[in-house]
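First chain A sits with chain B, and in the next complex the same chain sits with chain C.
Presenting the complex of A and B:
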């Protein structure tokens, strides 16, 4: 029940000159803007922000310098390989050309500074001869020095996954619980403002303080790389722009994680410990465990097993051809029965080659499938999901490696068709395809030999491939935003 | 006006923090809620600010039910606590400007903030100093300045004198009395009966969530508040008062 009022005596007091009355009121947008400006002022004035911004920009600049150096090295190595190939073709005959290894070279990856995706580690040359007696070779032209300590490639994706996430956690770990500890949050919420407005203002401020140095670093990085000689095409710049947008999106995601944990934690120290634990799990543990699981549940044959398969193919050919394979006579004797024995031997060798090539191809597919499984499992971690998304958008990573192998293999029939046509022009040729000593002895014009051209993934193809992962990341972001707002709305004010 | 009608709060773990609190603070009045730690004082303040929902009863600010219209109610009330530390890396003026904007002040905010800081007796040299360099008393003055500039008719002060030296506490008491003279309604929680006697127009004593005693200034003249309060703290006279 309410108490009855009583008359009260006067009390001694100081005098206030101004009769303070209420303000004019503030709109919802005005509250968010006020909180946003205030939070930006607090963040920008902190050492944490300056250190984070410097780290982001410096690492992205370093990524540009290292990528440009690698690009230059790879370009030189590939130019040497092309010159060597041209020298080998000069003055040669059709008969001789079938034993030449024709290199399908994957060009240096201009966007290695954006999303390396293992391009500096996977093979970039696939040498194939038309003769079934010469095994194809898959290797790296510019392999560097393996004795140097190995490190993860420094690219924008490394910066987003490892550094941007860490900066978000360091800048945001005490955004809520720190103010709860100092009593500032309670004072803030004693004003006629909603919690969602406070949350939105804080989120936008943290997001801006992460996104601004990242975007600045990206622009700086591109300028450095272009200045150091990486010839960016318009398509490359569009892809780089998409990764910048992804980085800005990732910054919002990491900011939401920081705010969620900060809302739930009782104090700043607990919040920081939880965020560091999450960071280690997402960036180190999940990818490592994914690789281990993929290795365990999607094993690939060993080299010994492959060797045994190859031997089995040899035995099979010997059985199928019952000793009629490998019978090569002097050409003048062979001509007497229109090279009948040699044609059988050629068919046996071509069949052996096709069967062995199938084994090699399957082995490579298993390796790629294992890597894909590891990547899919790692996508449970948002940082790995972001990496997958960026590689799909840019056409880097596993896709570029797989696409190169497919395109290189598809190049062999093109080469074979041209050589077949060139050989057919010579009536003196025995036309035993494609075996040196049994083909045209006419010289070949090197310009008539087709060259391999690698087709990069277009922006449109990248967007189409990335669509399901984009949806998944969007759903994760929305769920995180809803959870963060929900828990902040229900958290203790102080 | 600040009003509690059978205001109760029981936490999910079953703990009854506040049990049917009834009080009414009129404009131009200071009501002191006295009680030991855990008596329910801060819970009562939290209910008036809408930080927590009452399990029974109502909290009203200027006739507005806080649980139903928390934002409208918050327009009419200013808050200050001993734990309020503001933003230590910002200056007094920057802190005040931020809260002035949140309170809906536009236009000449800086001028008004300076006036408010002068009103609470903060030295001019301290206006542009970071709060990390301030003593607790100076921080508390900034808090009062923030409350002034909000211009709310009701003030809720949770242990405002806690941790202050006697001089700073006396200065703050004077300012609070001046606010009362301007017609503000002040609900002040305290643990110290000395300051309650100095400041209050009426006093209520809380013990384990229950209001066990109320006295007005006139009644306090003829009673030994210290003895009454200590007796209640020991629990010896529970149920015998009011």
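Presenting the complex of A and C:
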């Protein structure tokens, strides 16, 4: 089916021919540059490019605006929580402070516009009391709007995975087969130039047309976010820079896919149909099926099952302590035998807490393992691999969540050590650790209570974690480049 | 001739590569998503049944009205297997009591929050994304392609009218899409039947019919859009690129951006904080007035021979006293009447404050819906959630039913005089109560206020302790101390039936049908003057 390419300007073969008909010894670079310029002119003049560039820049700008609003909301919610904690500590005693939930707060993610990584759905405060009678809480301070449907976060990664990939396919689907249909490719190859030069010129043109609006969108997006109040640190900017580089690399990858399919397809329509189905498979099918498989093969216990485990622990404690637990007397009576009953009760409660904490911890580990399996399976799709890579580089996603939980849990022993030391200074305290009513009644200076500070992953750590995935993606890109060049070299020029 | 064109279109489509890829993806995704969704539904159903049974047992042990706090649980929607909607994302349990008006449900099996960054798939998503795209891919070259190869000219030369051609091509496309849609649906329903082993009710079958109707209306719109693009563009290649771009913007970009804007740009945090502060103040005010009222009578505020020996408290102001004197209980009855009346008034004020936050959330929801309304994918989602009973409105209906039930419970308790009697706070019988001084051979009035504590501590003497334990055990097992709950109002919540779902989804259904009519009219107008080459 003859198919005139009405959306593109006609090929100006006279101009195209100038560099290699004008003299001897034309350099490869000259040929590539000429093809590149020609291709760029064709692409930039097309509606597809303008639509793609608009989509890329508009969505990245919107990501910045929404991320800044989210950041503001989270900052406000966290400031409120910190104030409330400060109020609770004011004028309190050592005895009372052990029943206070000490919040370990994960600060708002400044790079949410770059790689949200599901941060908006995961808990950002882990409240822990030292008393074994108070269960820890893990919740989200800024909960968002539960009346809205679940949707993927709008960030640069969404733009790279979903928009940039489709734009690459829309711009590149007819790069080879379209010109074969119109005869332009045959004409081009009738000149004394090699195919790899044509391929390189086309690849660079397509890549530039994708990378330029993406980089412009990234810069614009960062400026908007900074203008709207996200306080970027140098480290954040370096991480954002790495994701920009990754996006540029991804643009090359998607361009190679488009060129490969375009070389193999018999016509432009078939090429685009194949590319679109590839896109659906990579962006929607593989990640969705990965989630389903992880759910199936790595199930996590339900809330009901966890509740039953907790009840079993209660029964176990009751058996182990045979009714000697839970005996708390009036302090003046208890002092007569140096709090013997109360110490046993405290030991029982501490053991109960440790066992229950173990269940909670295992539950969270299973959730993380399920999510990691889903992510690993999804990495079969290059778009998900790119997401994984970006999250590793920036320290977002599962990495940030896990790191937060680890750091928050490590904070409890620090608190316990400080309260133990404070209580030990009071000889009048029964020292039944850490149970309200059985500790020092002295007031405590809130400044003496340690505060939790979350440590984000550094750029160096991010690069180290991302290294294996970087290699994998590099290998995939090289293999794709080789395959694209190979099939283009072997393809019929028409 | 119509049949011939339809047949030709059907056979052409069925022989195409694009159809088979789309059909294969549809079936693979439908099977895998339903398998998981059906297991998830089974889990949620088991959890629902366990919670209901456990709570029924707990209710049987209730001995005072203040502890009568029925737990109502929302059953999972069976059709959530086809359209997950909000069903598993919202809480399922509400404790009904007089001191608060339900505004949200808690608990339930909500899955793994760490998996939210991965896309979730159900039959509606498959129709929206895969079959919607397939519709455009099938029709993008219908007219321009046939004009290029001369087929259209040959067709008209045979005397076929334009209306017949347009109708035949549209019907052929729709019938083609019917195959993967029917197969996907059948696979889903069969897997649900195998996994869950629950038969659908007639109303649920009607809802499934509604879902199918919605899917067909959506696919018809996408087919018509494909035909229109084919009529408006010169080349098949360009038509395809435009179709893909249109599909991408309508299905992915607009809904995603609309929800991002609605979620982040409608500020809820300030309203939430302000509502929370107001609720805290109102709660503190209730605590203060209650404490003041409790102290008003010295009998209640000082430890004496009248004071109850045993006191237990539970959530939402549940209390149970034992071994107090009749005078003490009379005084407590006055106090609890005051507490309940104040609590009910305060609950209404707290509800008002909480509603302000809910209203803000609703305004975010409305903004998102307005922005996304031009996307057929949004209309499809909204309408299919209505039919499957998994919409946010269904959750609201559940909460509304909880609020009605609370009022019914309050009326029932009022009718029984529960707030006026001792039974609100004690299961000690009105006649023959046993104040603690009786264990020491004293009447409550005989206890010297200065010597209460040493006297009370004598209760831990082994002989007295044994009597107390024996009496306590007898009280625990005494069936006459349990509340009779045969006439307790029953909680009733039925999901909206098919007609109600249809009424609720009428705006979206109307919009979908209007869009169909508009695009069909545009295609017809364009096709009447179409140059066949």
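What we mean here is this: the second predicted complex is superposed on the first by the 469 of 494 C-alpha atoms of A that agree within 3 Å, B and C clash if a C-alpha of one lies under 4 Å from a C-alpha of the other, contacts with A are read in each partner's own complex, and residues count from 1 in each chain.
Just so we're on the same page, contacts are C-beta pairs under 8 Å (C-beta built on N, C-alpha and C of every residue); 3 or more make two chains touch, one makes a residue touch a chain.
None of the values given here were measured: they were computed from a predicted structure.
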Could you say whether A:228 touches chain B, chain C, both of them, or neither, answering first, second, both or neither?
neither
| task | Check whether A:289 is in contact with chain B, with chain C, with both or with neither, and answer first, second, both or neither. | result | second
Max touched-residue count on chain A (chain B vs chain C) belongs to chain C
Quiz item: Touching A:397 in the superposition: chain B (first), chain C (second), both, neither?
Solution: second
Q) Is A:45 contacted by the first partner chain B, the second partner chain C, both or neither? A) first
* Asked: Once the shared chain is lined up, is A:182 touching chain B (first), chain C (second), both, or neither of them?
  -> first
After superposition on chain A, the chain A residues reached by both chain B and chain C are 1-3, 5-6
In the complex, the residues of chain C that touch chain A are 17-18, 21-22, 25, 28-29, 32-33, 35-36, 39-40, 43, 46-47, 50-51, 85-86, 89-90, 107-109, 111-121, 129-130, 133, 137, 140-141, 145, 148-149, 234-238, 240-241, 244-245, 248-249, 252-253, 255-257, 259-270, 272-273, 361-362, 364-365, 368, 381, 392
Per the touch rule, the chain A residues reaching chain B in their complex are 1-3, 5-6, 8-9, 11-26, 30-31, 34-35, 38, 41-42, 45-46, 182-184, 186-194, 492-494
Chain A contacts chain C in the complex at 1-7, 48, 51, 55, 59, 62-63, 65-67, 69-70, 73, 76-77, 80, 116-118, 121-123, 142-154, 158, 162-163, 166, 170, 173-174, 178, 267-270, 272-273, 276-277, 280-281, 284-285, 287-296, 300, 302-304, 367-368, 370-371, 374, 378, 387, 397-398, 401
Chain B residues touching chain A in their complex are 3, 5-6, 22-24, 26, 28-30, 46, 49, 51, 71-72, 74-81, 83-90, 94, 98-106, 115-116, 119, 143, 146, 148-152, 156, 174-175, 177-182, 199, 201-202, 214, 216-218
